[in-house]
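Below: the structure, in C-alpha cells.
Labels run A, B, C, D, E and F following the written order; every chain starts at residue 1.
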Amino acid sequence: MTTAKYKEGMEEMRRHLGPAADKWIKSIKEISPEFAKVNVEFPFGELYTRDVLDDKTRELCTVAALTVQGFALPELKVHVKGAINCGASREEVLEVITQMIAYCGFPASTNGLLAAKEVLDELGAEPADKP
Amino acid sequence: MTTAKYKEGMEEMRRHLGPAADKWIKSIKEISPEFAKVNVEFPFGELYTRDVLDDKTRELCTVAALTVQGFALPELKVHVKGAINCGASREEVLEVITQMIAYCGFPASTNGLLAAKEVLDELGAEPADKP
Amino acid sequence: MTTAKYKEGMEEMRRHLGPAADKWIKSIKEISPEFAKVNVEFPFGELYTRDVLDDKTRELCTVAALTVQGFALPELKVHVKGAINCGASREEVLEVITQMIAYCGFPASTNGLLAAKEVLDELGAEPADKP
Amino acid sequence: MTTAKYKEGMEEMRRHLGPAADKWIKSIKEISPEFAKVNVEFPFGELYTRDVLDDKTRELCTVAALTVQGFALPELKVHVKGAINCGASREEVLEVITQMIAYCGFPASTNGLLAAKEVLDELGAEPADKP
Amino acid sequence: MTTAKYKEGMEEMRRHLGPAADKWIKSIKEISPEFAKVNVEFPFGELYTRDVLDDKTRELCTVAALTVQGFALPELKVHVKGAINCGASREEVLEVITQMIAYCGFPASTNGLLAAKEVLDELGAEPADKP
Amino acid sequence: MTTAKYKEGMEEMRRHLGPAADKWIKSIKEISPEFAKVNVEFPFGELYTRDVLDDKTRELCTVAALTVQGFALPELKVHVKGAINCGASREEVLEVITQMIAYCGFPASTNGLLAAKEVLDELGAEPADKP
C-alpha cells in the first residue's frame, strides 16, 4: 500500500538524490518494506518538503551532520551527490566538511573528505587547484 | 591459565553464538591473550550468566546497542546470529533495528539493517514479504 | 490539525509513559509544534504500534540504546518509567544498564545507572539488597 | 603575544557571536591561554574567514553538527545566537534542529531543541504559532 | 561476598583516586551491588594492576578517552584527580585535553577543559600563566 | 604558499609518522589543499611541538582517543605506527587499547585491536606470547 506521503516523499527524494533515490530504496525494501516506508515518508515526505529552508541549505546541513558522525560514510556519499544536485558547488561541499574539523576533529572529517572525493570524482567535477 | 570464570564464560558464549564463539576468541587471542581473557570472562562469564534476563531479551538489547553505536557492524553481525540462536525471529531482529531509527537516526540504523541482512541471508532465512 | 496517526501515537505514548507523555509533548509543542507532531506520529504512531515486539521488550531495547548514547539522560529517565509501566521489574532495568557496560564502557553506563536511580526512587521501588 | 591571525579570528568571532565572543574566550583563557589561542586562531581565524560559504550557511551547518553530537549543548547555545546574528530566523534554526531527527534520532535533537529554546527566549524572539 | 580480585581492585582504585574511590563505589553500591562489583573488579582489579604501563600514563590515556567521549564529565573529573595523584602536573593534564581538539573538535574538549578546571581549582593548583 | 608553521608541522609529522606523513598529506592535498594545510599546521605545527608532553605519551593518548571513537580506524593505524616510532613497545600499544574496554566497551576496542594488529604485523613485530 502506497500512501500519499510515500509518493510525495519519493518525489522529494528523487529531486534531491536523482536516480540514486530509487536504487537506494529498492535495496532497503528487499530487506524490510517497513524500514523503506518510513525512510521515504519521514525524512523526505515530512521534513524535506517543508518550506522553511531551501534545498541546498538542507543538503549542506546534512553533509555537516553525516561528517560529524564519523560512521555514516555511505549516507554521506548519497548526500554529497544530493548537495551537488541541489546547486552546491564542489568547493562548498568540501568547505562544509573542512569546517567540521572544528566540531568533530580530524579523523571524522578526514574520512568524510575521502568519501566525498569518491563521489565528486564520479560526478566528473574538476580537481581543486593545487598550491 | 584458564580460570573457572573463563570456562563458564566460554560455555555461555558458545550457547549464544554457536561455533562463531570459538573462532572469534581464537582470532583475538592471537593478537592479545589478555584481551581475549577479559572478553570471555567479563561479558559472558560475569554478565550474561546472571539470572535476571532471558537470553533472547539480552541479545535483542545488544542488537539495539550495537545498532545505535553505528560503527560496531562486525559485532552486530555476531549478535544478530546470537539473537536468532536464542530464539528471536528474523522479524524481531529487524524490528529492533527499525525501532532504533527513533534513537539514532537513519544512517546508523540503515548500516545496521544492511549488516543484519548479510547474516540473515547466510542463515538461510526466508526473505521478507514485499509490498 | 490532528491526524489519525497523531491520535494513535498519543494513545500509544500514554500507554507506555503514563501522564508523563502529555507533559513531555506539551513542553515540546510550545517550542515547535512540528517537532511535537513528528515525535508523536513517528516513534509512537508508526513504530511502537507495530505488532512484532511486546511493549516490555521494546522499552528494554530503548533503555539499552539510551544508555549507550551517554548523553540521552532525560530521555533515559522517561523510558525507565516506560519500562516499569510495561511490566519490567526494577532489577531487569538495572540489569540492562549493567549489561551495556560491555558495549559502551563504564562512563556511559554509570551515568545511565545514576539517572535510572532517580526515577526508580521517585517510583518508590524498594532498594536493592546490599551485600 | 597576539598574532595577526588571533586578531582576525577575534574579529570574526565577534561578528558571529557578538559580545558573547569576548566573554567565552576570557573564561577559557583563565584556564589555558594556549587553548584560547587555538580556539580563536583555528576555527575563526582560519576556517570562518574563508570566502566559500556565507556566514548564515556556516552557522546553520554548525547548529546541525552540534545538535547531532548530543553532548555539545553549551556550544550549541552559542551558535544558535550566532545563527540569529548572521541573519537566520528563529524558524530556520528550529528547522535545522528538527531536520536532524533523521540523522541523530529524537534524543539528541530534543536536547538541542530545548537548549535552543533557552537562547531564543533570551533573545526575545516571539513564540512559534501553536496549532 | 568480597573476592580477592575485588580487594585488589579496591586497593588499586584507592591508589589512583584517593578517598574519592570509596565514596564513588559506595554510591554505586547503593543502587546496584553487582554494578559496583564489576566496576571495582574489572577496570581496577584486572586492567590497571597489569604491569605494562605506569600509572601516570594510564591516567593520561583515560583523560584522553573521557575528553573525546564528550558526555563523560563526572568520570573525567575523577580521573583528572587520578592523573594528579599519579604524578601528572596540572600542565600535562591540560595539554592532553588540548591535544584532543585535533581528535574530537572544540566542543568536547572545551567541556573537558571546564570540567578539569573545577577539579584543579579544588586541588588548589596555582593558575596557569596568562599572556 | 608554505608558512613557517607548515614546515615545522611537516617536520614534526615526519618525526612521528615517518614516510607515511608525506604520503598521507599528499593524498589529502589532492582533494583539498586547504584541508591539508590545516592538518599539518594545527595538530602537528601547533599542538605536538609544544614541550609539555613527551612524544610517546602524546601518541599513546592519541591511540586511546582513536580507539574510543570507534570509527577512526585509518587514523588509528597511522598513530599505532606513530607510537612505535616514538618508542612505545607493541605491548604498550595493545595495553592502551585493552584499557579502553573500560571506557568504550568491547566493540570499539575490538575494532581498534584488529586495526592495530594489521600495522604491527607490517612492522614485523614478534607475536605476543600465547597462554
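The working rule: a contact is a pair of C-beta atoms (placed from the backbone, for glycine too) under 8 Å apart; a residue touches a chain by one contact, two chains touch by 3 or more.
Given the structure is predicted, the values throughout are model-derived calculations rather than measurements.
Chains that count as touching both chain C and chain E, per the definition above, are A, B, D, F.
Taking the CA centroid of chain D as reference, the farthest chain centroid is that of B.
Ranking every chain by how far its Cα centroid lies from the centroid of chain E, the top place goes to A. Chain pair A-D has a twin interface among B-C, C-E or A-B; that twin, with over half of the contact pairs alike by residue number, is B-C. The distance from the centre of chain A to the centre of chain E, with each centre set as the mean of the Cα atoms, comes to 39 Å.
Between the CA-based centres of chain D and chain F the separation comes to 30 Å, rounded to the whole angstrom. Per-chain CA centroids place chain A at a distance of 30 Å from chain F. Looking at chain F, residues 34, 38, 42-43, 47, 50, 66, 69-72, 98, 100-104, 106-107 sit in touch with two or more other chains.
If you draw each protein chain as a dot and join the dots that touch, every dot ends up joined to every other dot. Remark: chain A residues 69-71, 94, 97-98, 101, 106-111, 113-114, 116-117, 127-131 touch chain F in the complex. Of all residues in chain D, those touching chain B in their complex are 100-107. On the chain F side of its complex with chain E, the touching residues are 42-43, 47-48, 50, 52-53, 57-58, 60-69, 72, 91-92, 95-96, 98-104. Chain contact summary for the complex, chain B toward chain F: residues 1-2, 28-35, 37-39, 42-43, 66, 69-72, 74-75. Contacts from chain A toward chain C in the complex involve residues 34, 38, 42, 46-47, 50.
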